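For reference, the structures are reproduced in the following blocks.
Each of the next two complexes has subunit A plus one more chain, namely subunit B in the first and subunit C in the second.
== the complex of A and B ==
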């Protein structure tokens, strides 16, 4: 195995010290002279209504109010808060049917908390008090909370161009028969000996990132629009805001603040349009908008809930012959990324097993709920809940061990990946399964839990997953990085990659140090300023280390090559005869011929010409490496989780005793960072399968948009966790690394459901698997 | 609304301010005094991001405490823990165990840990997890935080702090 100086080492995270000392500045922490406060007026009385009257006059008279803004007082241009439409070509955007259906303020309320007006005041409290004085009258409309309701022929149409309230289905032009498919599914099912089938439900889970959405915007005296935001995607938000306010990109600046967690909630725009629209109304004054937790809940996107039907067919010998599936998701009030998850949910399904044929339909229906968008896993946890339970049901009918079946039939190197036509280039899933099984004692426990009676029953279950490192070739993947070498032989990287807390700036710095041959401490990452940084698509699809790391590596190789070229000239040697050690470039086989990196970098900058000849000395010019990097692949990570649970047959309560997560990560650039992603992913995956769902009453009023009423697993609820990092270098990843950001949330979902199945012999078809659902299933 | 002239000692510095009756300690610290290291996460006492220490070791939720009731008391925020550039052992343990990700829960989590260890200098894992129940972290799954608390406990007992 290659020996690295910095890669694979447990260096101190770049942001840990400032965060434990309280110095990290999140958007809410930033104060500016002359700051004003914005409060968005939202409709909390109805989830679907027309605004028949809006009277802002009383609000305008409140003390401290600077101005009040209704729908006509800000840009009325429609937009799409998602950035997915900017990740595909113009042609593909047309094929997909992406639309702009949001406005800053609406006169047609489509979900609980939709925005109808805003107040700008000298303090947050003054703005809130004035917001209470806004008088709005409404005409109540029927509320549609499911696809089944909103697709009814007499339902009110959310958008004229989306008949039947079908916001999206896989388009015929790119997906014949509106399906993601291979083979002849109907013929394959005719050949099947065993068929398993069911309709499942997956919940509206919320990211619950700890920092609510907070923003500042300033339309400054240079007529530039500045926005301070913890977006995951600064460069796409810059372009989106430029489009919305019809400004060139040079007049829009994103100042990315420290990000208090993302998990998809900050993928695209959230309240940047509203904040900027308010700032445009008061030029020269910064406007701050702070979200309450309850407000953040209903304004930022959630996971796509919905009905998920699936059928699988097997031969008696276990051969998976066919899989047919349909995910009808309840997309929420606006289009945003209706297309993305509807597709990928099927892509992860297609990428997992060697079915002879497969057919997947993905449909997104408008509903009167808050919008759905990106959430860690992006359709993969939904598929895991359904696919992995059906596989286990198949295994029971086949009489085979679920791990043995998976090892035999999962896709691997050379098979078509989640995106057909792009074969997998690495896969260490067998090792993941073997090591996880050994760690938990799979065979013994599986045997032991076969015949149980009594109130407390245990079960053990497995699930596997495939994911991606970046979204190539489905979406654009591109990162620009430049690295500038200072005269003291240190280096600053300039790029727009986001660190939401996942540790990417730490691992990118490790990649830079290793590539340059510098120390970790010699590198600084300058980021957060959209004026200075080149393009980066943003933090999504677990791509930052893979694509951003690829860019960093290429830029640093460029700088290193320049160092070696200069050293070769100075030492009068061929580049091939040189090597670097401790930042000194030596000639191979000699002990006295060398030049330090610092001499070269200093000479590049502090070059005082020869006073006699008037010529510059040696190799003048500051060294700057550059990369505009498009990744060659999507380096698929694989993973397996084995869960052990205990079910109380009297109360229906499920307790997870332990999880073993074994993940094929390629190369762990920083093991602590990797483990942190798996630990955190597991907490969210367990939440989805056991406790987490945003609920609405039948009028569409949200019932639990708060930490009081929405149950996440706390420290005492978490099981014993073991992480196994399987390192099998990917040929295309930086130092062999594959992604890990989303992988950890996925297999705990299916594994826990399967462990419950193993314990009680019944599959619970709706997530979260609450005690009520377990009891109901046991009693029936 | 009635206003109250109060004195708070924050991180060792005496501060005087006038607050309305409904002003929370969280808002007073963040907005009136500039201690933005105290975070708003939920406003309802569920997440613990606003945790501060009162008179050294007692942890409270700043969002549920009225500033006026803290007149004369000493408040410690996470920015007040380091001494002469040396981190508190709990801070150092959080760094060493990669217990920090997005960092938004970190100030509250660190302060809660100090309070927990003051009550119980050598907690077992169950006691640590129970003690942290009022503080939500969405990044770490709590594993590395629990490790950090265990290590901090060992360090503090070792040094007699």
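== the complex of A and C ==
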């Protein structure tokens, strides 16, 4: 194995010190002279209603109010807060049929908390008090919370161009029969000896990122629109805002603030349009909008909930012959991300096992729930809950061990990946399964738990997953990076990649240091300024290390090549005869011919001319490496989780005793960062399968948009956890790395469900698997 | 919907109990008492508005936590849940209260929240309140007219409503000294470890050998207030605590309670498991001597 100087080392994270010491500046912390405060007036009385009257006059008279804004007082241009349309080619955009159906303020309330107006005032308090004086009257409309309700023929249509409230289905042009499919599913089922089938429900899980939606915007004296935001997609949000406010990109600047967690909640725009619209109304004054947790909950996107039907057929020998599935998701009030997740949910399904044939339908229906969008896993946890439970049901009927079956039938190198036509180029899932099984004592426990009686029953279950590193070729993965070498042989990277806390700026810095042959401390990452940085698609699809790292590596290779060219000139040697050690470039086979990197970087700037003769020395100028990088693949990570649980048969309570997560990460650039991602992913995966769901009453009023009423697992709820990093270098990843950002959330979902199945012999079809549901299932 | 900005109020900082009750006599229902503030400040960020907040911060003498083998336990209005946890006397004499304090909210909240505040909140999910109900506590109220005591059986009138008059200050809760042979325990069910109870049970059993002479059995989250279960107490009184008796109890609890569906659980679930929880809390109370046969 290659010995690296910086790669694979647990260096100090770039953000650790400042965050621990309280020095990190989040948007809410930023104060500016003359700052005004915006308060968005939302409808909390109805989830579906027409605004029949809006009287802002009393609010306008309140002390401290600068202005009040109704729907006509801001741009009425429609937009789509998602950035998916910016990630595909213009042709593909047309095929997908994404639409712009959001407005800054609406006169047709479509979900609890929809925005109808806003106040700008000199203080947050004045804005809040004035907002209370806004008088709105409504005509109540029928509320549709599920696809089953909103697809009824007599339902009110959310959008004329989306009949039947079907916001999205896989488009015929790209997906024949509106399905993601191969083979002849109907024929394959005829060959099946065993068929398993069920309809599941997957919940509306919330990202629960620590920082709620806080923003500042300023339309400045140079007529530039500035927005301070913790978006995870600065460059696409810049373009989106430019489009919405009809400004050239040079007049829109994103100042990315420290991100207090993303997990997809900041994938695209959230309240940037509203904040900027307010700022446009008061040129020259910065406007700050601070959300409460409850407000953030219903205005930022969630995971897609919905009904997920699946059917699988097997031959007696275990051969998986067919899989048919349909995910009908409850999209929420607006189109955002209707297309993406509806597709990928099936893509992860297609990418997992060698079924002879497969057919997946993904449909997104408008509902009067808050919007759905990206959330760590992007459809994969939903598929894992359903697919892995059905596989285990099949294994029981086949009488085979679930690990052995998975090892035999999972897709691997050379098989079509999640994106058909793009075969997998690396896969170490067998090793993941073997090592996880050994770590937890799978075989012994599986045997031991076969025959249990009494009030406490244990179970052990497994699940596997495939994911992606960036979304090439489905989406146009692209990062621009430049690296500038300073006179003192240090370097600054300039790029727009986001660090949401996942550690990417640390690992990108490691990639730069290793590639340049510099020390980790020699590198600084400049980010957050959309004026300075070139394009970056944004932090999505676990792509920042794989694609951003690829860009950093390429830019640094470019800089290093220039360094070596200059060294060759100085040393009068061929580049091929040179090597670098401790920032000194030596000639191979000699001990006295060398030049330091610092001499070269300094020479180009401070000493490129002989002061007496005026003769140029060496190659003048500063070295700058550049890359506009497109990854060649999507380097699929694979992973397996084995969960061990204990079920209280008298109360239905489930306790997860132990999780072993074994992940095929290619190469762990920073093992601590990788483990952190797996730990955090498991916490959210366990939450989805055990406790987390946002829900509504019959009228569509959200009942648990707070941490009091919506429960995530806390530190004391977490089981004993073992993370196993399987390092099998991917041929396309930087230093062999594959992604890990989303992978960790996925297999704990299916593994925990399967462990419960193993303990009680019953599958719970609806997540989260609460004690209420378990008890109902086990008490006859 | 919550707000990031609390509504305006006058913060009053009296320096004695006499001053507090004088202020209460003046402001009555236009005032709220601030001790730990963990409920009040949250309410003020919702729709709750109050003109006067009377803080106990500068009032001396309300921080008493005193145990006397004859007179029992006095918990002053400013005693925090964390202080209960630090008391070896509470742990030894009132295990139910100590166990409730142990799982109460989170460490940060335990450092701030007061035991009496938990009682005054009059929530059916109050953990310390539930334990003290089982232990037979009494609230000591003071006004300009003098003092009176109300036992907890008669204190909670309905959800968030107590027998306190609006000119009265609750200055302490008293719990009788445990007779010899008293066993008590608290147990609850939650969605996650750090959560409000979705179902709670506490018992105080006066045991002579394995015979229960007298019992107080209380439950939380099964009605608008915390409740006692008289039928269960009756089953226990004078009975040998056997596995069969406990099974009887399991089957008898549902008829005694009136739970609802809410964000934390369902009425149906609560009815199904309440009996199991009561059995387990009894077993827990007797556990250290293995009195269950």
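Note that the second predicted complex is superposed on the first by the 776 of 780 C-alpha atoms of A that agree within 3 Å, B and C clash if a C-alpha of one lies under 4 Å from a C-alpha of the other, contacts with A are read in each partner's own complex, and residues count from 1 in each chain.
The rule we apply is simple: a residue touches a chain if its C-beta (ideal position, glycine included) is under 8 Å from a C-beta of that chain, and two chains touch if they have at least 3 such contacts.
Being a predicted model, the structure only gives us computed values, none of them experimental.
Touch criterion met: A:779 reaches subunit C, while subunit B stays clear of it. In the superposed pair of complexes, A:714 makes contact with subunit B and with subunit C alike.
For subunit A, the partner with contacts to more residues, out of subunit B and subunit C, is B.
Judged by the touch definition given at the top, the superposed model places A:102 against neither subunit B nor subunit C.
Look at A:684: by the touch rule set out above, it reaches subunit B but stays clear of subunit C.
In the superposed pair of complexes, A:256 makes contact with neither subunit B nor subunit C. By the touch criterion defined above, A:771 reaches subunit C but does not reach subunit B. In the superposed model, A:293 makes contact with both subunit B and subunit C. The intersection of subunit A residues touching subunit B with those touching subunit C, taken from the two complexes, comprises 290, 292-293, 706, 708, 712, 714, 716. The residues of subunit B lying in touch with subunit A in their complex are 30, 34, 36-37, 39-44, 46-47, 49, 77-79, 81-82, 87, 91-92, 94-95, 97-98, 100-107, 110, 126, 128-130, 132-133, 135-146. Residue ranges of subunit A in contact with subunit B, taken from their complex: 10, 12-13, 15-17, 19-26, 28-29, 31, 207-212, 258-263, 290, 292-293, 500-503, 672-673, 675-676, 678-684, 706-708, 712, 714-716, 718, 721. Those residues of subunit C whose C-beta lies close enough to touch subunit A in the complex are 1-5, 189, 191-196, 263-266, 268-269, 272-273, 276-277.
Residues of subunit A touching subunit C in their complex: 42, 44, 124-125, 128, 290, 292-295, 650-653, 691, 703-704, 706, 708-709, 711-714, 716-717, 770-772, 775-776, 779.
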